[in-house]
Each structure stands twice: as structure tokens, then as C-alpha cells.
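Here you go, one structure.
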Amino acid sequence: MNIIVLVKPVPDPKAPVRLKPDGTIDREKVPLTMNLYDKHAVEAALRIKERYGGKVIAISMAPPHAIEILREALAMGVDDAILLSDKRLVGSDTLATSYALSQAILKIGNFDLILCGMESTDGNTGHVGPEVAEFLGIPHTTYVERIEIKNEYVVVKRLVEGGYELLKVKIPALLTITNTANEPRIPTIRDVIKARRKAITVWSVNDIKADPNKIGLFGSPTRILKIEKVVLKRKSKIFSGSDVDKIIESFLAELKKDGISLLR
Amino acid sequence: MPLDFRFTEEQDHLRRTVKEFAEKFITPKVFEMEQKEKIPDEIIREMARLGLFGVSIPEEYGGLYLDPITAGVIVEELAKADLSCSTPVLYLVHTAWSYIAQKYGKKEFKEEVLPLAAEGKLWIGIATTEPGAGSDLRSIITTARKEGNEYVVNGEKAFISGVREALKQFEMGGGHLTLVKTDPEKGHRGMTMIFIPIRSQGITIKYEKGWGRKGISWASYKLDNVRVPEKYVIGDEGRGFYIAMEGFDYARALIATVCCAVAKRALEITMDYIKQRKVFGVSIAKFEGVQFPLAEHWARIEAAQLLAYKALWALQMEREGKISRFEVSKTAAEAKMIAVLTAIRAIDDAMRWFGAFGYTEECPLTLAIKAVKSYEWAEGATDIMKIIIAREILGREFLPYR
Amino acid sequence: MSGKIFVFIETREGSIVNSSLEVLGKARALANKAGFSVEALLLGYNIKHLAKELIYRGADVVHLVDDKRLEKYRVLPYTKAITEITQSEKPDILILVATTTGRDLGPRIAARLGTGITADCTDLDIGDYIDPNTGEKFRNVLYQIRPAFGGEVMATIVTPRHRPQMATVRPGLFSIPPKDETRSGDIKEWTIEFTNFETQNIEILESKREPRKADLKSAKIIVSGGRGAGPKGFKLIEELAKLLGGEIGASRAAVEAGWISYDHQVGLTGQTVKPDIYIACGISGAIQHIVGMKDSRIIIAINKDPNAPIFKIADYGLVGDLFIILPKLIEKLKSQKRRL
């Protein structure tokens, strides 16, 4: 099975949050990490490879300093990693990103499956997977928790509200993976050291023969009109201490003072 | 322009990997480890899988043979995740003493033991202390007598770490590099280092109950005509004392790193608390009476951390033949002494700011201070560190006694 | 500009999914504001009878594709049908509900049509946009509003030049429009040519959905449990909920741990709720949960960890062990009740 995994760098959700003087979050120094759901996709790909043989290639469209996440993928065990990086890709929305990635995938050539996380923890759109599948003209499905490989198709368990579906999907296909699918492996020290010595291929827009009108800001149909800080006007009245009875008493008294009654 | 205070990308990547592992597998179990006085088997297995026990073993025996600074990066992350220090100690003792085992061990010993040690199936510790001799190692009474192709060991070792782990939790067991007298007349030139498997016949174990880092076992044991093959002698007869001192330097440098990491983490936990805890309507963190000592502790720990890394760097320089044994011993002693002192004071204040919560047994700060305090005497008492430093900077002719 | 707003209507087991009606209602409101029309896309098998209801609920036109091959949702035939109708009718706007279906289908349609799509909008509006680079003014474009950067800001996104402007809308935010049987409209039936590509690439082997047992959307009080609760905690939560006449909610962690069923899940992958009072017990306050309950009128949090993010969005916070606080709180409230 030849599998391509799409991975995205996102701001580390576990990193401590620093505020700028104006009260907004400082995004400059936030360390990047691999999108959590993509990690599950990498794990899913590796398990398929371990069971059925084949090759796993990780690819990411990202700025140069995000190359570390491809090292993480190599440390987990993918065979090769490709970084698609170019100034002209900056400002791409999901459509432009999906176009660029599909061009890169065409350059990679043969594949049986493309896996990616069901969404990213920063954008949460979940759009890139289906859009890449559309550009490549292959079937796709989303929220996949389990994959069984058959000869010319896969049987997947897809999560839906209140239940699941079992789908038979012809390969080549694209699947987006949930975080309930598996527990991503932690690489060993040896894996990490080996991964660092591996070369990562870097492609530019020219390498993937992308149409300049379809990438970057120009190739992005969506625009941000405005961004407004969400002002949360919550009371934030905290009751703490070692005397639980006192905590509850003060809390109920405060509720009474504010004219709020829990009992109706 | 060398003197770069940054780590390599590889070290950063390893740091992240160990951090992810430790936060996932070790941190949730820290309080349980201390309460149940045991490191769970799963944790030891995962540490082995990651390769943490192969850090000092050469590649030809299946190890990683990492440089001391990288070994220090690894132990830092273990310490940050485990403020009780049980797992960092399991790692650092094995790392320091398997280094000695691979440097001075005989070929047949290395072929037999090192591949198992690298896989985390066999654990290597250190046994020098006796009921009557801790700092004054020359006064040990455990002897080893050569009989044919064996040594017969008689005596007693006390307050040794890792006994139960080697006995029961590592698949192929383990043992300790043990300091014995092979020629009692010759004082410290008559001492030899021998690897004694803990499962050997003739060893009677009594477990001690420590105040802190209870997860890792602590025991004393009698050796009654314990027979050990001569291939287990580490280095030459008569060189034991010096080999032990060399191993202590690596252990001390790693211990210094651990104490700094623990102290920093303790301060971070406390800072989170004092930022949101209010007294008289003001966050505790806003009072200068708290900020000033906090700033001092932080800066001192940063300094201690750099000294710890310098000691690890010195060990690597020694491996490359660029620096003398004495320089390494001095730096390692400086690092350990300063780290322990600084860490205890920082954690002490941190506990105070934490108030009642800081006094609960579940609070990681109580675990931290107990662990760090053990290093006032373990692997080299603070006053011994002072003797080493004074000796190196003043010169041997000023030693008050031999 | 055609002035048409298309709404994709999801059906299941022969009836219309409620959240599609919510979005139909919102589309109607937008249409009224801008003088647009609302047109529903109804795909399925033996679903002709549903078209009338869509008109009663606000649609001016229903585009109907009744075909056995569309009986159950599959992305490829649905994409083909919708893109064909869209390319012919040229709507300005096409919206779907951000269900697993909508999030699977929407982007595929957008890529085929080469247009922009915004995911998971929490609001929609109609307004103008001026391109900052060219100064071009675009009138009556769709404002696609959603939280960004972890919920810290609200972003308004537009698709000025490409059509249709697409968006998926989060379920549970808008109300279902009332049924007005005096309304009239057109029903246009379409026949779509499906090739092997659409029909043979994906096959549904099995499909299992359980109807929701807990009605959190209409609850006035919700007492919710998270990772800190455990099965014992949920017993206390149940007791408190009963006492207050409320419903039980849960974080994803609690559902995944098996302490309570998925119908009680509140959050990004669960339900979005807006009760009067939301009491979060042993819930840390991860953003995925908060987005599901942050519009509650009053938020009360109980958590052992003084640093838990939930305290930042709570009106009242009790720092302590829920196993100690809840029984005492229940006791106190019971005695208050007796006195009432």
C-alpha cells in the first residue's frame, strides 16, 4: 500500500499563552507542532504499512521553519517527507492550499490512499481533505475511525452523529481520520536520531507546476472582512478555600444578591 | 565566537520526545509511585522501549552512546515530569554506572551484560556505601578474596538504590558496581570495583524506608560468601576507588541537572498558583515581597543549571581527551553542590507561597523537596564536594588530612 | 446577481433533519433583508412529499432530485446533483448545515465549483465589502461569521468574487421556522445523469444512528460533568440536575470514558446549548467544550484545579473537590426547597 499523509503545522495548543500589551494572544513565538489529528493519520498509515507493506510519504505545505513537524513524522516511521514551501503560497485559503497539495501529490505519482486528520486544531474547517480528493478526482470520506484493506477497496468505519456508517470505498481514495482511531506512537530515541539524519525534499511552486493564479492570496476566493475581539463579560467571581461549607454559603449568598435562583 | 548556550536541533527533538513520553506515562502516576513505593512495570517497560537505558552503551552492544549533555537533556525532561525523582534516578544511576561498566569492564562481561543493559532488560547501579562508611570510603570493610576464577565477597552494603528493581522488575535482573577491598593493607589503592548481580546467592536484603523518592527502592544487604566470576571485575584490581570517583562525577552532573529542573518546575507550578490566588483583593504574584525572592531564586537556578551543563560538557571534553580528570571532578562537585543548595531554598520558599495546598502530600512540591534533600548526602555529601573543590583550587599540599 | 440563496436540506429515514430547517429559517431572514429568494435542495428517494413542508417553512423554490441512487447520502452522487443544479441556476449563496454530512459534502462541492467555503459559521449576515487593495465595492455579499484563534476572536469572512458563496452553519444556533401553510412556491424536479464514478466508488454497507435521548437544546438548566467526575460524580450530577429540574450534559472526555452516552455531549462535536444556567462539574474548559456552551446566560464552574480555563469564562466558580462540594450543595438546596 502506498500511502500519502497530509500533515499541517499548527500553533501548539499546549504551549503557555502569552498576551501582548493590547490583551490579544501573542502568536509570534508560539511553537509549532504537528496538527494532532494529522498525527493520528500518520499513525493509521504506519499501521497499514506494518500490516500490508508499502511506503508512507508525509507531505506538508508550510513555511520553512515548520520543517520540524516532518521530522516528527519521520521519527514516527514514515519513509519519506516532502515540504512544499514557497513565498507565493502565502495567504492561501483552503481552496488554494488543496490545489497546491494536489499538484504536489500528482508529482509524487502513485498512491493507493491519502490520509489526513479530520480537521486542524487551528482552522477546524476539515476542508482540505475533501477538496484535495475533488482535485484529484478520487472518492473520499471523512471521520474515519477504522480502516480495513481489501484488494481494490477499503472498508471504513465512519463516525456520524449518534452512530456510524460502514462504507466500501474504491481505492485510490482519500480518508480523513478521527482522533479516536488510534494512539499515536511515541518514537524511540533511536528513531529520533535516525530521522534527523534523513533528507527532507523541499519543493517550490515551480517544482509542482502550479498555476500561479490558483495559489496564494490571489488563488483564494475567501477574504477576511474583519476580526473582532470577543469580549467575554463574565463575572468571574471565584470562591475557594479549605472550608467547603463557607464556599457554598458565600456562593449561594452571592447568587441571591444577584437575583439568581437555582431552584424554580 | 563559540560558547553557544543553545542546544542542537537533535537535542530539542529528543527533549520533546522524552517530554511527551514522560508527561503521558509518568506524570499521572507520580503520586501513586510515592504512595505505593514502587515504579510501575509499564513505566520501566516504556522507558526501555524508548531506549533510555541504552544511553551510555556503545552502539556495538546495541546502545545509543549519547554524549553527556544529551543524556542531561533527557534526564531534565524526566525530572520535570516526575518531581518525586524516582524515575530520573532510575535513569541517571544506570546511565552513569553503565558508562563505567562499558569503559572499564572486561570483554566477556561486556558481551554478556551490555546488550541486555541497552535493551533495558538489565539494570546497573552503584554500591559503595556501608553502615560504617559513607563519605569516608576508605573505611569500607567489605572484602573480596580471589579463589580460582572467582572472587568471594563478604561484607555489607547500605542505603543502595535500585535493589528491588534489579531483583524483580528488570527481566534479566541487574546488579551493582560494588566497591570492595581486595588488599586491605593498601588503603584506597587496595580497592576493586566488582559487578555483583543482585540475584547472587548469599545476599540478604533489608529494605529501608526513605523520606522521599520512595518510588525507587532503597535497601541494605549483607554479602555472605557471595561468589562472583572474575570476569565481573571492573578495571584492574586496586583501581576501584578511582573508577568509583570517575562514575560519581557523571552521576553528580546528572543529579545537578535533575535538581535544577525540579526546582524550576516547582517554581513554575507555584507561579501559576500565585498569579490567580488573591489576598486582600490582590494576586499574591503582585507583591514585591514575593516577586523579589522569586526573581532571585529563578536567576540562581539558571546559574546552577548552566553549571550543571558545564559539568556535562566537561565530561564530554574528557572523553575527547581535551580536559583533565581533575577539572571534571571539580566542575561536577561545583555543579552538584550549588544545584542542591539552590534547589532546596527555592522549593522551600515556593512551598511557603503555596500555603496550605503546598503542605498536602499530593502537592508535587512536597515530593520535590524530599527528593532534592536526599542529594545533600547521596552520591557525594555536600561537604565532600567542598573538599574536592578546595583541593583543586588550592592544591593538594593544603589537604588537612589524607 | 441572481438573488438566490440555496439551502441544502438533509433528510434521514424519510424525514427532514431539524437542523436543516434551522438554516432554512436563517436563509429566509437573510433573504428578507436583501430581497433574495430562498431555494431548497432536496435530494433522496421517495421524498417528494417533503417538498411542500419546505415551502411552508420558508422556501420559495424546492429543487427536487428523487432517485434510488440518492436514497442514502453519498458524497459523489450528491456532489454531482448539486453542482449540476447550481451551475444551471447560478445561486449567489449556497449553505449547508455543518453536520458530518454537510462537512463532508460542502468542501467537495466548493472545490468542484472553484469557490470559497467557510466552515462552521455561528452567524450569517448580508452586507457590503470593499476590497482594501482595489477599492472595489461589493454589495450584498454573505458575511460568514465564525470564531477563530481558539474562540478568542470573531472573524467575518466574505467571498467577494466567486459564486456561489458557500458556508456550513453550526447546528443548534437558530430556531426552526414556523410552518405557514398559506405559503406557496415552486417545485422543480431534476433528473441527473450518474456515471459509474458517482455510483460505484462508495457503497454503504451498514448505517446505524441512535436518536437523541437527551434534549439539551431546550433545557433551561444543564448540569454537566467532565473528566473530573467519573461514574460516581455523574450520580451526584444526576441528583443535582433532578433537584433543579434540569438536564445532564457531558464533555467529550466523559462520553469517551463511557460514563454517559453521546446524546449528552456538549461541545464542538456534540451539541451547542444555550441554557439559562450551565453548571460545569470537573470540566477543565477546553475550547472544544466551551464553544458548545459559552452562550449560556449564567455559567457556574466547580473544579479542583484553580487554574482550570473554565474559571475564566464562568460567572461563578467554586474551587474544590466536586465529591465534597456537590453533596453539600445538594443538601443546602434541598433544605432551601423545603422552606419554600
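Letters A, B and C mark the chains in the order given here, with residues in each chain numbered from 1 onward.
Going forward, a contact is a pair of C-beta atoms (placed from the backbone, for glycine too) under 8 Å apart; a residue touches a chain by one contact, two chains touch by 3 or more.
Quick caveat, the model's predicted, so the values are computed rather than measured.
Between A-B and B-C, more C-beta contact pairs join the chains of A-B. The most central chain, judged by the distance from its Cα centroid to the centroid of all protein Cα atoms shown, is A.
Each chain gets one centre point, the mean of its Cα atoms, and the points for subunit A and subunit C are 21 Å apart. Rounded to whole angstrom, the centroid-to-centroid distance between subunit A and subunit B, based on C-alpha atoms, equals 40 Å.
Separating the centre of subunit B from that of subunit C, both taken as means of CA atoms, is a distance of 55 Å.
Across the assembly, subunit B contributes 277 as residues in contact with two or more other chains. Annotation for subunit C: residues 306, 311 touch two or more other chains. Residues of subunit A in contact with two or more other chains: 240.
The touching residues of subunit C, when paired with subunit B in their complex, are 306-307, 311. Every residue of subunit B that touches subunit A in the complex is listed here, in rising order: 9-10, 13-14, 17-18, 20-21, 24, 49-52, 54-55, 64, 66, 74, 277, 356.
Within the complex formed with subunit B, the subunit A residues making contact are 68, 71-72, 75, 186-190, 192-193, 195-196, 240, 242. Contact residues of subunit A toward subunit C in the complex are 13, 24-25, 27, 93-95, 98, 122-131, 133-135, 139-143, 155, 158-170, 173, 180, 220-230, 232, 234-241, 244-245, 247-249, 251-252, 254-255, 260, 262-264.
Interface residues of subunit B facing subunit C in the complex, by the touch rule stated above, are 272-273, 276-277.
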